[in-house]
């Protein structure tokens, strides 16, 4: 395998599908949100994406078996709306610049071939915040951006970079005349952040006009809060110690100078 | 997108165009000078350059929209002279060696196809200086070099490397029999340096025989000077502190030895 | 040479060959085990693999001659069983992500062309252990996994990554419908570990139904144990010293605070 | 330019040419020796080699002009012997693994096409030595190796790696049935070492049966010795200082423990 490839696992006909992408990234927000939707909606596997730009190892899974790192496409037939959904998540992002562009291009090839005319990419937005994380929306399409703002997202400040697959899909979609929207959940980013993913899902439900029970995220949020609390305690003890050291250094300097 | 591509936004016929290139680099000198010229002359967008060797993120712009990192070609029809101008600036340089060579080759393909027979690349030249920054000129064409020296540029010392697109265009132009000149504005290089860009523009005006009002750069220069002043103060305080520490260490060593 | 190539040194017809791969890696377990088998069975050279993704130097060998870094295929005709054996070991692994995928793909091309329907890859499994190293088995084929578990291997926990050629061959074999098993010998990993290789060989003999005298490994194991013992002594002295330093720091802090 | 290219500057017919290669490397031994030979013999430029794997900058040369980094082939018609000589030196080595293999392959293409049946590569061999640097010889061809040993070179110990173009040419020449010899001059390696280059030239003259005045290297050797002497003084002062610090630390620890 010397190029990124997509292997279809089943054939299906989708009605005006919208692609929702959430690869791992800041706070794992995109991956958590996308995987939760796949599980809650009971979406079915459509295809696997493999790439020589993913890290060169394989993962052992629960059944004792083994597999290459991959991206996964899932589909969901929307009985009550006019857009079926296509989901894309994965284990890892491509590890080189050129690999990032190649993977994003292959994803768009597959999306086009599946009839996708709209893409929503999901990621994290770094922010130190104590409050409920907000959702930042970015789109080159004013109508689509408005749809996100009406769904309680906020507009992004200018100059803000969107890194990785979520960003490149947005930028490259324009060349194929596919509408694209990016939703970024505020997050501190250094730990899994299911709370930020939940904010994303609130906004996404309204944009897609679907209804998903978000209760299942609560347990993960609780666990994650406990980890954050523990990290904070450790940080505080470390800071106390560091302060003592600094005070000591200052006294020595005062004494000498 | 797996190769560098150039997408034309309009068609136009240029008379013996000269390409002026200023990608980001040392002190942002090339980019500031080129963008200022584009704005003052009211040059029009000709084409966009995209590359899988640029960093893999997209930028959110002022209108809330989003775009890939890119290079931009602009053109200006010179009513009173015999050379129309083509400008090239961009967000970023290619991030790998191979990418740098590929991007420079695509730029030259496009320049050739647009009828360009002369290229002027702009960059920064690292120098600790308090005075007005000088402009260093380099060219394989003695006549072109003289034109720059007559326009108040100075010759470069031997052995001086010119890094990135400004250098590669110069080196690769020779294979296509395109004349090329590089103008480097002296700069400390670690901060945006509009003052160095102004020196470049003084020289460039005389070479190109055009007239541009440089007043608009003054405000940016004033702001930049304030930043430099603040940095200097911080540096001085840090140095005082470091001296005390060194003195302390020396006393301890003297005491022991 | 701009692509990975395999140069056959002889032609032979193999009966249902099984490929046993052991490139250098954690504790050199795979390489030690594979080379020992090659030597004990008197396997013959079949082919050399060269790659522009190996490090760019050559090695001087015992005869004063010189050679590129390479992989080596050996074959052994199994007179008393139904599967001939093919061995692959080498000097180094590919140094880039893309190189790893390319080398693994070329190996599988060659394996397919040689009639291989089963691959066993060997590597190390990082574990701090005082006991006899266990052998961890991973396979996507339940029958093959069982064969390993019946040969005294243990199952791998989920989530465990298998890095490099041993992993990629396992992951990529699936696309070619080749059965694949990975055996990982427990090892601390920072030194050559012939003891872990011996554990691998115990398991491998039973899986392959062959009989090899492992006595020859004992001397290397003894030497390796001595090195470990020396390292431990150094580590202990270093720890004593570090404790004194920590105590000293604590006293100073207590004094100040 | 996206591939390594060689541009011929003149056409000539060479009689059984031997290629002598000396790219920059350890102590610059290969480059100094090769350039000295080119100059003393009055060899003429044959071709330039350019590569997108060299660093991405251009050099300003003495005439105020500018050029890409390159390799240079020179030829010398040997009036009194049966082998004309071809020389190759350059500014830099390729910067990536894949680039190193590509450049070496292009060099061999050009050598073959020029009728070369023998290659001698030159480099440095790291050794802390006060004496006259010896010359280490490596070759896969016993006859050629003997020729070097008879010319006062010594054999290389096994396991010694030869890094970069000097090594790869040696390793890859075998596939084209070109005889190859590598001569490595002992050097500390961290400074230009014309003395080691001189040792190489002594050996090379006898192998090639040519006579070159080496007097011209003496001045450079004298300058280089002065630099080494200065470096040693600085090193000694630093060591004295470091010893005092270590003693101080030990006293503090003794005091506390």
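Letters are used for the chains, namely A, B, C and D, taken in the order the chains are written, and counting of residues starts over at 1 for each.
The rule we apply is simple: a residue touches a chain if its C-beta (ideal position, glycine included) is under 8 Å from a C-beta of that chain, and two chains touch if they have at least 3 such contacts.
Since the structure is predicted, the reported quantities are computational estimates derived from the model, not experimental observations.
Shared contact partners of subunit C and subunit D do not exist in this assembly. Copies subunit B and subunit D of the same sequence differ by a rotation of 90 degrees once their CA atoms are superposed, given in steps of 5. Where the sister copies subunit A and subunit B meet, the same residue numbers recur on both sides for under half of the interface positions. Among the remaining chains, A is positioned farthest from subunit D, on the basis of C-alpha centroids.
Annotation: 36 Å between the Cα-based centres of subunit A and subunit B.
Averaged C-alpha coordinates put the centre of subunit B at 51 Å from the centre of subunit C. Shared interface positions of subunit B, defined as residues touching 2 or more other chains, are absent. All chain pairs that touch, listed by label, are A-B, A-C, B-D, C-D.
Across the complex, subunit D is touched by residues 1-2, 7, 52-62, 64-68, 95-96, 99, 241, 244-245, 247-248, 251 of subunit C.
Taken in their complex, subunit A has these residues touching subunit B: 97-98, 100-102, 104-105, 138-140, 145, 155-164, 167-168, 170-172, 174-175, 182, 252-253, 256-257.
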